[in-house]
Amino acid sequence: MLFHVTMDIKVPLDYDPVRFEGLKAAEKARFQELQRAGTWRHIWRVVGQYSNVSIFDVESNAQLHDVLTTLPLYPFMDVKVTALCRHPSSIHDDDR
Amino acid sequence: MLFHVTMDIKVPLDYDPVRFEGLKAAEKARFQELQRAGTWRHIWRVVGQYSNVSIFDVESNAQLHDVLTTLPLYPFMDVKVTALCRHPSSIHDDDR
Amino acid sequence: MLFHVTMDIKVPLDYDPVRFEGLKAAEKARFQELQRAGTWRHIWRVVGQYSNVSIFDVESNAQLHDVLTTLPLYPFMDVKVTALCRHPSSIHDDDR
Amino acid sequence: MLFHVTMDIKVPLDYDPVRFEGLKAAEKARFQELQRAGTWRHIWRVVGQYSNVSIFDVESNAQLHDVLTTLPLYPFMDVKVTALCRHPSSIHDDDR
Amino acid sequence: MLFHVTMDIKVPLDYDPVRFEGLKAAEKARFQELQRAGTWRHIWRVVGQYSNVSIFDVESNAQLHDVLTTLPLYPFMDVKVTALCRHPSSIHDDDR
Amino acid sequence: MLFHVTMDIKVPLDYDPVRFEGLKAAEKARFQELQRAGTWRHIWRVVGQYSNVSIFDVESNAQLHDVLTTLPLYPFMDVKVTALCRHPSSIHDDDR
Amino acid sequence: MLFHVTMDIKVPLDYDPVRFEGLKAAEKARFQELQRAGTWRHIWRVVGQYSNVSIFDVESNAQLHDVLTTLPLYPFMDVKVTALCRHPSSIHDDDR
Amino acid sequence: MLFHVTMDIKVPLDYDPVRFEGLKAAEKARFQELQRAGTWRHIWRVVGQYSNVSIFDVESNAQLHDVLTTLPLYPFMDVKVTALCRHPSSIHDDDR
Amino acid sequence: MLFHVTMDIKVPLDYDPVRFEGLKAAEKARFQELQRAGTWRHIWRVVGQYSNVSIFDVESNAQLHDVLTTLPLYPFMDVKVTALCRHPSSIHDDDR
Amino acid sequence: MLFHVTMDIKVPLDYDPVRFEGLKAAEKARFQELQRAGTWRHIWRVVGQYSNVSIFDVESNAQLHDVLTTLPLYPFMDVKVTALCRHPSSIHDDDR
């Protein structure tokens, strides 16, 4: 099942930059693992923001909750989740 | 270039249903033409709403404006446009 | 899968009351059919509003979309959908 | 009487994690006590958020106020309360 | 039990004034009946608005819903309901 | 003259609890003094919130400003003020 | 006593212009009467809007309510009222 | 003096298209007259909207008000006005 | 030219009170200087808030910007600026 | 391609002023470099705010993202990006 997720990241001005770089590296590794598995199906950057727009393809609501709330940068995120479904006019069988 | 577009559609309760079906058919035909051309790259329905979330891939801002404002259902739409760009962590060369 | 849905209903002051009563009767019949099937798991009225708060239990996002958008009163509704999942602290095996 | 309550929890990034785990354990114990008593009738997690949607069944407004404001995690919560009542179309005598 | 209710009234510019005066008279009669019964405990006008702020004292959420949704001017109202309880610092035994 | 005032109180998580209890005691004493004087005519707690809804009866706008801004907990409050007046339908001569 | 009032005026596109001109003339006459009496102490236009910002000087909340709600253009207005008082730093004895 | 103005245009679905084309032509003529005079210094379309962002260079607030409220499409517009001034870092003497 | 300015002041709970009193004294002196010069034409307190509503009479947008951003309390302010102009119905030649 | 960008800057009250002056000098240098290159085509100050309104002329969304997120003051900014395009009524060939 498909979900539209936006993640807005806010880092306090005085947060330790070394510690944050470590979290970013862990986030990237986890993201690529989920991308390879087909769970994190799409990701785009929002121009001018520390934000992304993503499409997730999951088995269940519970799986999506687990994936999102265990992301290394989750404590810095404002997350919005919107349930999607296939559009009947689409000519792409695989438009997920 | 990539843009995230949401389209919320509101139809007045007393709008002529036959006329609206005609506009919907024209919208679908135009959508599929743009999807085949690769301009309207993705489309998903928002669950429970008469709305979609779409990704457009265009040459310029002007092309996007022309495409959106000439859609047959445009007069019924509330449209939001957000500029996107490729995410550096993506492992998909073609993640557009 | 569980979803939290709120439905706010607005009826124009000059809408034909007989026609609306017909739609309400159809809505009630459809609601009870979905309630018996276990799809529309809970419903409550919001005090002082023509609104309800409901819990749906569906197979997929697509099923929820179909159920909601074919309700007889759907054209009068402002609908909000929120994906839910089981809470790990719950002592009820069946808290859906 | 029934009330719909949403609880959004925000934990400061630098809050002592040990102290917070202690509060979470106390919250869970209190929650299960109230769930067994039938006061905290339903709870669901909101996907992607540190939030829950709950249904309370209380004797009075005052009881609900006391229950909510003495929760161990209350100082971290943004709480919204909405009064509910039984829906007349429901076929479940016990739909609370 | 006590509830804080605000009622904002919007009348379409072209609504039949004679019909509206009839509804207003019915509203006033119903209001005074509820005021005498102690159900509609307080009412104040909001300066500059066609709105009131009221305090209701009811047996249950269901009673409040019935009282509000059967008011003659209810179809013109935007209603907001907030659950209240006695304040522990109050020196008035009867501050309801 | 009557005013509707809501006071929402936010206490930082790390505020010295002893100092805050001292301010609360001072607030209570001041409140009861104003209640006895008839200035702070009504107060109710908002269920689930650290907030109250109050009705003030003052000689002038200036008096209300002085009363509110010198409350011991004022620095923690978000205050909203709405001017009220007697409702013409009220059957209570003293409905203030 | 002083109040800050903003009035935003919305006229339906198809409202009879002759009738509206009549209401505008009545509004202007009433305004000047109130301005001469010192009740409508100041008025300014908001640039680019069909709106004004005004300062009223009244005996009571009730007087302000009566003055505002009987304005000829009141049915077209969205009104916001804010209670003001003299600023202690002002060097103008008459800054009302 | 410089002002940033946004104009959002809403046309009712059933507005006479011939009449609207006439207003659009008048709007365009008036716009070009003001552009030639240097009053309407810049205009851009907002992508996907029937809106523009403009920069006006006027002698006074009163001139801006007169220019905006006499535009042929003004009755269809939602207008927002923001006062601007030259930025001290700009290397363009003429950046207006 | 006339501008409507609102200033909302927020002081952190732990800000050094002696330092703030010094800034307040400087603000008052600057305010009275501007009031004498006719630049800060009116000021009123908003009841119950640490806020004021003011009318400025300036030569240009740039002058207003300089005056506002150099106020001693500016770093604590949330400022809103609205361009005004004389109202044509006003009978006061000097209603500024 | 043209984009409308607003930048609102918030500096914590206790931020080291020397460090901030250093960042401001770097921001000014970078701004002028981009202005000379024609990328940062226009900039204006918003009266009374620590904010600017700017027009960027870029090759792509990605270029705009890179330019904005590497500005020295970016960590202090709230940024809004709106895609623009040329207005067909403009008589200036170069109205960018």
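In order of appearance the chains are A, B, C, D, E, F, G, H, I and J, and numbering begins at 1 in each one.
Definition applied: contacts are C-beta pairs under 8 Å (C-beta built on N, C-alpha and C of every residue); 3 or more make two chains touch, one makes a residue touch a chain.
Please read all numbers here as calculations on a predicted model, not as lab measurements.
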item: Set of chains whose contacts include both subunit I and subunit D; value: F
item: Set of chains whose contacts include both subunit J and subunit G; value: H, I
item: Subunit C and subunit E, separation of their C-alpha mean positions in angstrom; value: 28
item: Inter-chain centre distance, subunit C versus subunit I - centres from mean C-alpha coordinates, in Å; value: 51
item: Computed distance of Cα centres, subunit F from subunit C, in Å; value: 40
item: Junction residues of subunit D, two or more chains touched; value: 2-3, 45, 47-48, 61, 64-65, 81-86
item: Listing of all chain pairs that touch each other, if any do; value: A-B, A-C, A-D, A-J, B-C, B-H, B-J, C-D, C-E, D-E, D-F, E-F, E-G, F-G, F-I, G-H, G-I, H-I, H-J, I-J
item: Touch list for subunit A against partner subunit C, complex; value: 1-3, 60-62, 64-65, 81, 83-86
item: Contact set on subunit G toward subunit H in their complex; value: 11, 13, 45, 47-50
item: Complex contacts: residues of subunit H adjacent to subunit J; value: 2, 4, 28, 31-32, 35-36, 42-48, 52-53, 55, 82-92, 95
item: Interface residues, subunit A side, partner subunit D - complex; value: 3, 5, 12, 15, 61, 64-65, 68-69, 75-76, 79-81
